[in-house]
Structures are given as structure tokens and as C-alpha cells.
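Below you'll find the structures, each written out as C-alpha cells.
Shared between the two complexes below is chain A, which pairs with chain B and chain C, respectively.
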Partner chain A sequence: MAEPAVTQDQEKEEEQKVVDDGIDVGISRLTTDKIETVINQVLKTETGARLKTYVNTCIHCGLCSEACHYYMSHDKDPKWSPVGKVKQTIWEMIRKKGRLAPEEIRRVVEIAHTECNLCRRCLQFCPFGIDIAYLISMARRICHKLGVTPKYIQDTAHSHSVSMNQMWVKGDEWPDTLQWQEEEARGEFPTLRIPLEKEGADIMYSVIAPEPKFQAQLIYQAAAIMETAGVNWTMPADKGWDNSDMAMFTGDNEIMGRIKRSHFETAVRLRVKRIVMGECGHAFRSVYDTGNRWLGWSHPPIPIVHAIDFYYELLKENRIPIKEKFKEPVTLHDPCNVIRGGGLMEKSRYVAHALCDTVVEMHPNREYNYCCCAGGGVINCGPPYKLKRVKSNKVKAEQLMEARTRGAKVIISPCHNCHSGLKDIKNYYDLHMDIKFFGDIIYQIMEKPE
Partner chain B sequence: MVDQSKWDWETREKEVPFDPWKENFNWVEEPYASPDGEQVAAVVNIDEGEFNVCVNGETWESPFEKIWYLRYAPDGRLTALVSDMAEWTVAVDGVPWENKFGYVWNTLFSPDGKHIAVAAQADGQYCMVLDDTPWETTFQNMTYFAMSPDGSKTAAVVQVTDFGEGEVHKFQEGCFTAALDGNAWDTKFVNVWNMAVSPDGTKLAAEVRLNLYEYSIAVNGQVWDKSFPCVWEPVIHPIDGSVVAPVRTAGKWTLAKDGEFLWDARFPQVWHQQFSADGKILAAIVSPKYGRWTVAVDGRPWGVTFGTLVSDLVVSPDGSTIAALTKEGETWKVVVNGAAWKDTFDMAWRPVISPDNRYVGAKVERQGKYTVVVNDRVWQKECDAAWDPVFSPDGEKVLLRTLENGRYLRRVLPVTEITG
Partner chain C sequence: MHDVYQFVSGPLAWVAFLLFIGGSLYRIIAMLAEVKEKEPFIFTYMSLKYSLRSILHWITPFATYNWRRNPVLTVVTFVFHICLFACPIFLLAHVTLWDEAWDIRWWTLPDAVADVMTVIVIACCLFFLIRRVTQREVKFVTYPSDYVILGIVAAPFLTGFLAYHQWFTYPVFMILHVLAGEVMLAAIPFTRLSHMLFSPFTRAYMGSEFGVIRKSKDY
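This part shows the complex of A and B:
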């Protein structure tokens, strides 16, 4: 593994220079009295037995520490351990009965938003099953209520609030992009359709806004797969098409609920039986777990099928004819939200083996896989935190490098945030590995019209 | 409303061959039946980049490069969003509007079908277009859309202040408002969402976010005296013009009227509230207990609850019949006045109430075959496609529109043929 290109001094300087309007302006407006009021209001009215149980149960054993990629990547410095992060945030708020100084809130927001991915790997190792991601999420909720959230992710939450998508995609841009992709794809699949607003289709296919904004080829590929597999599908032309949710990660539960309501009610309006979502992890968490529950739906009112699950189904039923398996050896990254959160680890492996000649397992794997360090909204906090993010996942680079020494040349990452995070890691640590979605590989190797 | 008494309620069966269309075109997209059942239409592909609309086997006079969102207006006119030479407009019965735009979408119809509106973008500016007349004012962005009940006015949520990428604090000062017929309110908000226009067109109400934490309802730009941690879409009382919206308070939901709590009951969720036409009955979909769903009428929930979903609330004009769809696991049912029907379906469509309240019907689907159900009795025909049933004005007959074995069929049956 090559040494990073920049010197340690340069890095240190860059890390210390973080300027973030979202935090700086927010902090300048705070007083200790306001902080006290907000913290106590949130702790009193928005947490209950769950928080109390977690706080009273933790015996500070530290078994969570080595589960955390931040801790492992920072020479096991306890301040990066999950319990250390809780100690510096929620526990401090409880200990001081909410009376924190504005500068202490700055540290809380840095930890909650840029030093924890809410990946829940630590939960796998806690002897009591304490969900530290929940505790850090509460810290984010408090930061939101205090008006101190990193600028880039706050901007994304604003985009959600205006347009119900995370990239400020305007009402006309969405259907126009789909029609453009449909037209492009007809060069290869002459009768292909991206059926808009087709009421009664079996499936509503939903994506995240970066797809129409920057990665329209993923929509093309999905349409090609649907066409080849003969799926009766549709995409909405209006709001509700974006399954992503950064408001969930900023603690803006009200906007989270609003965008999830839009998503599910669009599926209900289109009379589809299932929502199939693209290869995104955090969106799965929002539609399968968090957003629906805030609205009062204990389960998604329309079943949610992640792309891994959908590809598994199509391959199992031989609905995608494969011309030739993917030759280059691959390794499989297990995204937190769909593997630890959704239990799709074996289906993911089925898909990988069905598509690829050689699958090299990275270790640890499945529910014990290391996080990409991009998820949980961390990558969405933007460029100011990029260096900290990649340096905080040295352990992931080592894990990937180890798979590479056993022959893996391509990382399959069925999650958008993981994809971007792993790309940064491979570039920073000079790993020389390619990264692909399952959809990239399926499109590449499936039979297409002559 | 459309005068349905003029429709043919006598001829028992009419037929239009549909499958032969597939021989004449490269492909035929999903069909749509006219409200009176006399026509069936579909977008068809003629050649590369050349589309048309086929109606009862005849195409429109001119083809277009692109066609989407084929929909019948309630009065039977057939509309589509069409494009030629990279310009978009609305075609009505094959005739494009004179005005052309960079893009058009979100077609709206008045209940009587006399008015048609779309959202439009031209040169990066946005406006509504009503019956081929664009607003005089345009905006840099436009998100939510509404039409007055008589179709004479259109409304939209519009952006009135510019802000750049990442300018979160400027955004939080409020850059959005609502506009009626292009006239924007003076008041700006962080967010504006769903709107309602009063029957007389004088009142526009919308859900607004005052800052990141306070939500309320604004009426003609004036915010209610009270704010809430969250609100949902408002409706306007059909007679007295008061505005009613779901509001969140102390972690639960209820209904508020003109800013004051209307219902005493508090629920984990309340939405889709709806007045009867006389305004005497107010029903809403509610969650009486976390994870359970039902309908509440004037604040009192039905005794029966459902686990997965309640949707498609329909209130008869006099409020005496209230119907909805329910979902338990994967199966759908119709529920009427608190009583769930026995039959379950793989999918169901919005219930339809007969004018005399005697019957409730719905289009339903089981294992890929479509039929209708009326008063919990399933019509014993399995069809390849079906549309919502329509009851005759006297409630004696039902119009059924279906596709069966490559034929489109328009049937008029005595309702008792289904209900027994």
C-alpha cells in the first residue's frame, strides 16, 4: 500500500483549517441558556425508556472500541471509540443537565456528524446490544434543533424539503432526464421503454437524485435490465421518485417524514405491489426502518425490495440471460444498511457468484464488515471533512489491500455512499482497484440485442 | 360536474377490437378508456422517434416526436403531453396548444373537465398554463401545483428569492411563497408545500415552514396565529371557507381549524382529511395506535383498525357513505362505514360511490386479472384490464370498461347483475 501523497504536516494543517458556515454561524447564535433548553426539551420529550436504558446499562467495558473503524484507524485512541464518542456527547449533556457552552456544542456536532457513520458495527459487539448509532442520532437531533449542522448536508436537507429529492432536481428535469435515457437506450434496445406513471405496474423503481443529476447511465442500465428481464415496471414522473434521505441524518425528522410520505404515497397512487430501489444503502434504512416508523407505519406500507434482493430474484429465476461471466476477480463490500440492517448478505453473495468467475471474500465480512466511512451522512458533510474521513478508515484500506493480495481487482459495492467513500479510500491509499455496482456488471455481461 | 345522464346507458355492450392495433404499430403502450366508455386510446410507436395516439383504431392527424401522459379529461377530451422539434406542449384531441415550452408536465383537470392546466418551463423560467394561457409572471423554480375547484385559477409554490448552492442561511430566511394565477404572496417562507384553493377562488391556503422548526398554514399569505412542530396539507370547508389541516402537537396529531384545535382526539397520525360536499361531515385517515390505521369521522375513529395501510378515502356528497381501501400484509380490502368487505385482492383502486349511496364499487385485481367489486360482490369476469366502474345517475346501472381477449368492451349492466 503506497504512502499518502501529501505530507503529515500538510494534512494536519488542512484538518485544523476546517471552516463550515453551517456550524460556525450556528455556534455564534447560541447561548448556554438556549442550549440547556433545547437539550432538555429533546431529552425529555423525544427520548424515553430506550435512551435511559442504554445510558443506565452501559458498563463502559469498551468492547465496542475495536468494532469502530475510526478507533482502529487512529491508533486505538479512546476518544475515537464509540463509547468515547457517547461520553463526549450525550453523556456530557446528561451529566451537565444540558448546560453546555457553545464551543462544547461544536465538538458535539463534529463527533456526531463527522466521526460516526451510524454504521452499527459496534452494536454487534456490545454485550448488551446498546445501539450507539441511536445515541449519536439523538446528538444530531439536538444539533439540528440548535441550528448547528454542517453546511453541505444541511443544504442537502434543504433540497429534500423543497423538491423531495436531494440534489435540487427540478420538476421538469426529472421526467426529461428519464426520457433522454430512454431515447439513448433505444439505440441499443429498440423497443425499450421507461414507463412513466404507469398505474398498476408490478414495480415502482426508485433511485437517488445523484442518478439523474450525475449518473444517468445507471438509469439506462436499470432500464436495460428491466427490459431484458421483462419486468412490468414504472417510474413516477412527479415527486416521490427519490428514495434518499439526508434529513434522516441531520436529525430533521419532520422533513424525513415528509419525504418518506411522498415516496410511499407515490407508490400507493401508482398501485404498484412493490418498490424496487437502486443500489443505495442509506435510503434503504430510511424507507425500510426509520422514515416509515416516524410516520406511524410499523412496516413499509408497500414492500421495499433492495436492488440486491431484486437481482437475486431475477437471477434465480433465470430472467437475465448472461453472455459470459465477469472475468476479473472481485471482492464484495457489505454495506452496513442493507447487510447489518437488512440481512441481505447471502443474497448478495449469490448474486456475486452468479455474475462473476471469482469472488474473493474480504475479511471481516457480512455483518462484521468494516464501514466505508462515507455512510451515515458523513460524506455528505462535504469537502471540509474529506481528509478526516479517509484518514479515519485506514483499517478499511488494509482490509481491501488484503483482498487485493489474494487477487481481487474489482470491489463490488451495492451502495452509492459506499461507492463514493471507497473510491476516496482507494485513491488516497493508492489501492489500484476498480469499483462497480452489481448493475454495472449485469449490464456488461448480459445478452443484448445484436 | 360532467352531466353523465347524456351518456348511453341503454346499449348493453359495445366493442372495439384492440389487439389488431399491435399489427399496425411497432408497439402499443398501455390503453386508457374514456370516462363515458366510448373510446379506448393508447400511445403508439410508428417509427424511430415518431409517435401517435390511436383512438378506437384511428390515429390523430399528426404524429409527434414524443408523447407521454395520455389522459382523458373528465369531459371526455383526450389530452397528452407532446413534443416536436424539442418543444413541448399539450395536445387536446390531437390538436396542440399554440403555446410551446421547453417542457410541460403535471396535467391538472377541473372536475367538469372544462379546464386543463400544466406546469411549464421555458428558458429556465417556470409558470402554470391554463387552457393554453401561460401566467404573465414566471419564476425561477416552481414545485407544488393546484387548481381551484371550478378550474378557473391555478396556483403553484414558487421561488421568489435567488440563493446559491450551500447558502443555507439565506435559504433559511425564506425564498419561497405561493402564487395564485401568477400573483405571488408578499410573505416568504422557508418552505411552502401542498395548497388548496377555495371554491370561489378567493382563498389560497398552503402548508408553510416558518423556520427549520415551526410549521403553520398560510391563507392568502397570512399565517395562522399558532405554529406547530409539523403540519400536513390543508383543505377548505366547502361552505364557510374555513381552513382545516392536520397539525402535530406534543408528539401526536390532530386537526386544527383556522389555527385552533378542532378535534379533541390526538392520534399517532392524521392525514387526508376530507369534507362532505355540504361541509357537515369531516373524515380523515388516522392511526389510532402506533402501527394501526383506520378512518375517523368528526374525530371518532371507526372500531375496526388495519395493520398496514388505509388509503383512498372517499366521502359521499352527503357524508352518509365513507369508503376507503385497507391493506393487511399483501392483501387489499374495501371498507365502507367501518365495515370491511370479506373479499381480498392483490390490488384495489379508489372506491366509487353511487349517486344515491346505494352502492360502492371498486376496480380490483387478483393474480393479474382485473374485475370490479360492488357492495362486496365480485363481478364474475376476469379481464386483462379494467377501469373504475361508473354508476348511472339514477344508481340503477353500472358502466364497465374492460379489455378481454384483445377486445375493448363497454358494458352497461343493471347493478343487481353483480350484487344479486
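This part shows the complex of A and C:
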């Protein structure tokens, strides 16, 4: 007799066969011939020696497996391992010379979009440095060209395309939100301004579209910090203010290029010296690593400063007077895209220690951190995949739990995606911890006008 | 029998070395040419410093996070690869052949040591085989070709061991040994054994990406 609990659990997962129009309708329009054409077109013209060498060099050793939180959270079932996921997608396409049946594409989309965060942890584990995240993003690119992408994230890509921001924020909604936040903040900081279109300012501050849409208080806090530190800053009044990029994750490189160009060109138009971005990981990846390269800039054309780096600078120069350090013990989540992808681990720790009395380290940490399982567009695939997402990061829950037993009460997560992902994890696993951005803490503990 | 030996150790040896050297050069040049044609941006990011940082860490036992996490495999794979190279290159019998044919010679291993190294290589191949069959994450990504590759690598050592100890008919095993060695050499550029050729490049690129752009460790 099998253990009934396990069987029931498995049944439950099978019952929850996901309904996702983005995939179901897309698949219904496919034929094997069409699939063959698209796969071979992408593999032959859009990829080159890099993909071939990765595929030919992989010795099938499985040493990348334990890097992946999906694999670790599913009792080391190999279908979740990094190389296992490449096997079920790219290798299969190559082996069958592109002739996959429509139903086989369903599995490819599921894996590429909802079972890999492109967090690049496995890249550090492979003895050959095989870029599995790149291989999985090529699978996403193929799905994109086949017209099968999970509906929720596809919607954000459409929004980027139409409105140049991720959340369908309409033209006047944006300056109105800024004005509203400015008015609110002036109650507390009488001289505060959110300077729009100020040419020649030192800094253009850019955010992700969910901020004006749902979390306007983050803009309030940022303005309060800028005001207190006496920063010469500005925000654009029109398109180009959103630094986020879901097109990068749907494989829609053309739209990725358009929105990044708009962001950079806005900074150039405003003649600012640098772009400072809010606490977001994927946006940093897009602006600093991926989008700029698609546009042909080997490095960002204007210096990009992530909020962690910016706060580090302000704190180091004593430009934010602190009333009293944050009392509750905190633990620090290392968002892949700015830590493994941007090297901000020590600066992040400097900021945490400057702000908080007690910082409890999670293990593994810094560039070896486990991803939150929300990134890479996975959380943006929406509610149909939420359960899979939280179940696929049991290891993160254990990591957090362990930090909590050593006293940590608050998780600091300087990344929007991680923030939402960790919130779901903490709720599902009953972790009873608070989650905050660095900005929340700075705002809370800095000196304010009486 | 003598004629067969003459053939495998004469013309066939030439063919094997030509395939190995020519094939290796071809694979590497073709790869670089394709990068230049389609993904030249890769060259923009290559950094000697970070390439070396990455390669040196990965060819040093326990110098990387993942080597430290897998101590047994690390020891096995390093011992395996060292013996795999050192044994055939420094074997007295092999050096004698070079000496006779080309009048070049170099340092050699005592026969007893080479014998132990041969056994080690065979044992390591067995280890890889068992790992492939028993470890779920390895088994899942195993294809028949993986066993063939393992066989191709084990064969020259197995036959060499048997020929050296003359447990069976010496001439037959000698011929098989030479053949197996030639197959292995010729297979390197054209199978996943080409990881020998490509690993320095993939490592260097990943090392450069992590060093130049990501400012973090790839090891």
C-alpha cells in the first residue's frame, strides 16, 4: 500500500490541470509543420555557436541539479533539474529536428515559463559554465514565435507594446499619481517636490509600473529620501519612466528593445548623469545586462544605479540622518538579478547593517543564494501557477524558517518580484515574518521634519 | 597477425592522429568562425583575467563551491582525468614508440605506477557507470551514447592492462589496445568527449560574463 497522503497530494496536483488561454488557444492553432518551421528558424538563424557548443559540451553529469530550488523542493525529482529541463525542451527539439507535436509544445511552455526562473544559479554549478538560463530563454523565444505564452505574462508584454509600461498605466495617470504623491508628502516634508522633466538633473529616477498602479507609497518614500538627502533628481512626465520589462521574459526581444530604447532615450533627453532605479531585480537585469545588449550597447549608455547601490552611496556619505536604527532582527534576501547578476552583495550588507541593529544571515547567501521562485517572469504567469510556484520553493521556506529560529523577524528584499514571491511563500508555509524593502526601513527610521 | 599489427600501428595510427588533430582544429575554428559571424558580441566581453580566474578555479580540486559540495565525485573526476592524460603520455612503452619513430623522447613513468594508474582509470569509469545507472538525476539525462562514450574511454585502458599482463593472447590484445586507443583519439573531436576542446572556451566566456558584467563568482 502506498502512503495515502502522498497519493492524495499527487492526485490533487493532477486535478489542478491548469487552464490557461494563452497556452490552450495557442496550441490549438499549431501543427507539427508549423512547429518545425519555427523551431528550425530560431535554432538556425537566431542561435549560433553558443547554443551548439553548450549542447555538445554538456557531458550529462547532472552536477547542476542541486543548484535548482525546483529540484531541491521536489524531493530531487530529476524532471525539475536544470539539465533535466533542457533535456525536455531544447534537446528534444534538436533530437526531433523540430518536429514536435502541439501537445509536446505544451510541456515546453510549462517548463520554460513556469519551471525555471532564469536565476542563473545553475550556471555557477556546471563545471563547464553552460548557460542553462540562456537555453531556457531560447525555448521561451520559440514559444513566443509559436504564439503560445501564458496569458497573464503575455498581457503585460502587450501592455509594454501599447503603453510602453507594464501595467496599462494611461498617459495622464502617471503625472497625476506623481502629483498626488507629492501633495501627500508635502504634508510631512513641506518643501518636497517630485521634479518632472527637469533637464540637466543629476539623476533620473525610474520605477516599475506596479508602483504607480498599486504601490504609490513607494514613490512617496523615494521622494522623501531624495528630499532628505538633498538629491538633484527628476522623473520623466511621459513614456520612458517604466524600467520594467516582461517582454525580455516572454522572448519578445523586439519589444524588449523598444522599451529599453525609450527608457534610455528619455534619460538622454533629460540630460541626466545617471539613472537610479527602484528596488527591482528583473528591471536591473533588463537595463543593465540584457536590453542594452539587444540594442547593441555593450554596456548601458548611461550609468545605471540600482537602489541598493544608491542607498549605499547616501549612507556612506551620511546624507540620510537616522533617528534610531531598526530594532527588530532582519534577514537579508539576495535577489539573483542584482547580486549574482550585479555584484551588489557587500553593498547590500553595508546598507542593512547601517540601518538595522541585527542582521541574521540566511544560508547559502550572497551570489549563492536560492532564488525566490517568483523571478524570470514566473510570478507574472499569474494565479494559475501560484501553487506550483510556492510548492517549488520549499527550500526557500526552510531557509527562512532557519533564519527565524535564529531570531530574524523581518525579511529585507530589495526586489519587487522577490518581495511578492517571498510573501506568497511566507503565507503558504505560515512563516509569520514581515517583508520590507530597504526604502521602507529608511523611510521609517530617518529623521523627518517635526 | 603481424601484418594486422603493422596495419593498425602504421597507417591507422596516422588516420587516428589526423582525425584527432585535424578534427580538433576544425571543430575549434568552425566554432570561432561561427561566433564571429553570428555572435561577435561574445568577443567584446572576453577578459583574460576573468577567463583565467574561472578556468583556474575549476581545474583545482575543491576550489569551487560545487566541487566542495561533491567531495567524492571531485576526487574521482580529478584522479580520473589526471591518470587519463598522464598514463598514456608518460608510459615507457609509448615513449619508446615515439623515440623509435621520430627520435624524440621525454620523461617516463615507472611501469608499476602506470599499471596502477590504468587500474584507477578503469575503476573511475566503473564509478561513472554506476553513478549513471543509480543516480536519478544522471540517469534521467543519460542516452545510449553516454555508455558508448564511457566504453570508448575505458577500452584502451582495459585492453592495455590485459596486453601488458599477458593474461590472454598477447598479440590479439595488443592489436585491440592500439585500435581502442585510436578510436578514442578519433572520437574526441566528434563526440561529447569534445568537452576537452570546448571547456576552456565555455569556461572563459562564463568567467568573463561573471567577472565583467555580473561582478560575482562563477565558481
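Just so we're on the same page, the second predicted complex is superposed on the first by the 436 of 450 C-alpha atoms of A that agree within 3 Å, B and C clash if a C-alpha of one lies under 4 Å from a C-alpha of the other, contacts with A are read in each partner's own complex, and residues count from 1 in each chain.
The rule is simple: a residue touches a chain if its C-beta (ideal position, glycine included) is under 8 Å from a C-beta of that chain, and two chains touch if they have at least 3 such contacts.
This structure is a prediction, so every number in the text was calculated from the model and none was measured.
Asks: So, does A:243 touch the first partner chain B, the second partner chain C, both, or neither?
Replies: After superposing on A, A:243 lies clear of both chain B and chain C.
Asks: Of the partners chain B and chain C, which touch A:198 in the superposed model: first, second, both, neither?
Replies: In the superposed model, A:198 contacts chain B only, not chain C.
Asks: Is A:129 contacted by the first partner chain B, the second partner chain C, both or neither?
Replies: Second partner only.
Asks: A:73 in the overlay: touching chain B, chain C, both, or neither? Say first, second, both or neither.
Replies: neither
Asks: Using the superposition on chain A described above, determine whether A:340 touches chain B (first), chain C (second), both, or neither.
Replies: A:340: touches chain C, not chain B.
Asks: For A:61 in the superposed arrangement: first (chain B), second (chain C), both or neither?
Replies: So A:61 only meets chain C here.
Asks: Touch check for A:50: first (chain B), second (chain C), both, or neither?
Replies: Touch partner of A:50: chain C, not chain B.
Asks: Is A:271 touching the first partner chain B, the second partner chain C, both, or neither of them?
Replies: In the superposition, A:271 contacts chain B only.
Asks: Once the shared chain is lined up, is A:298 touching chain B (first), chain C (second), both, or neither of them?
Replies: Touch partners of A:298: chain B and chain C.
Asks: Is there a shared patch on chain A that both chain B and chain C touch, and which residues make it up?
Replies: 298
Asks: Using the touch definition from the top, list the residues of chain A that touch chain C in their complex.
Replies: 47-50, 52-54, 56-63, 65-67, 71, 76-79, 81, 83-84, 87, 123-125, 127-131, 288-289, 293, 298, 339-343, 345, 366-368
Asks: How about chain C: which of its residues touch chain A in the complex?
Replies: Going by the criterion above, the answer is residues 31-32, 34-35, 37-39, 41-42, 44-45, 54, 58, 64-66, 69-70, 73, 135-143, 146, 192, 194-195, 198-199, 201-203, 205-207, 210, 213-219.
Asks: Which of the residues in chain B come into contact with chain A in the complex?
Replies: 26-27, 29-30, 45, 48-49, 66, 68-69, 102-106, 119, 121, 126, 141-143, 159, 165-169, 171-172, 176, 190-191, 193, 209, 212-213, 215, 229-230, 248, 250-251, 268-269, 271, 287, 290-291, 293, 307-309, 311-312, 327, 330, 346-347, 349, 365
Asks: Residues of chain A touching chain B in their complex?
Replies: Checking each residue of chain A against chain B gives 21-22, 25, 45-46, 144-145, 147, 151-152, 154-155, 158, 161-163, 168, 170-172, 175-176, 179, 183, 186, 190-191, 193, 195-198, 200, 237-239, 252, 254, 257-258, 261, 265, 268, 271, 273, 295-299, 301-303.
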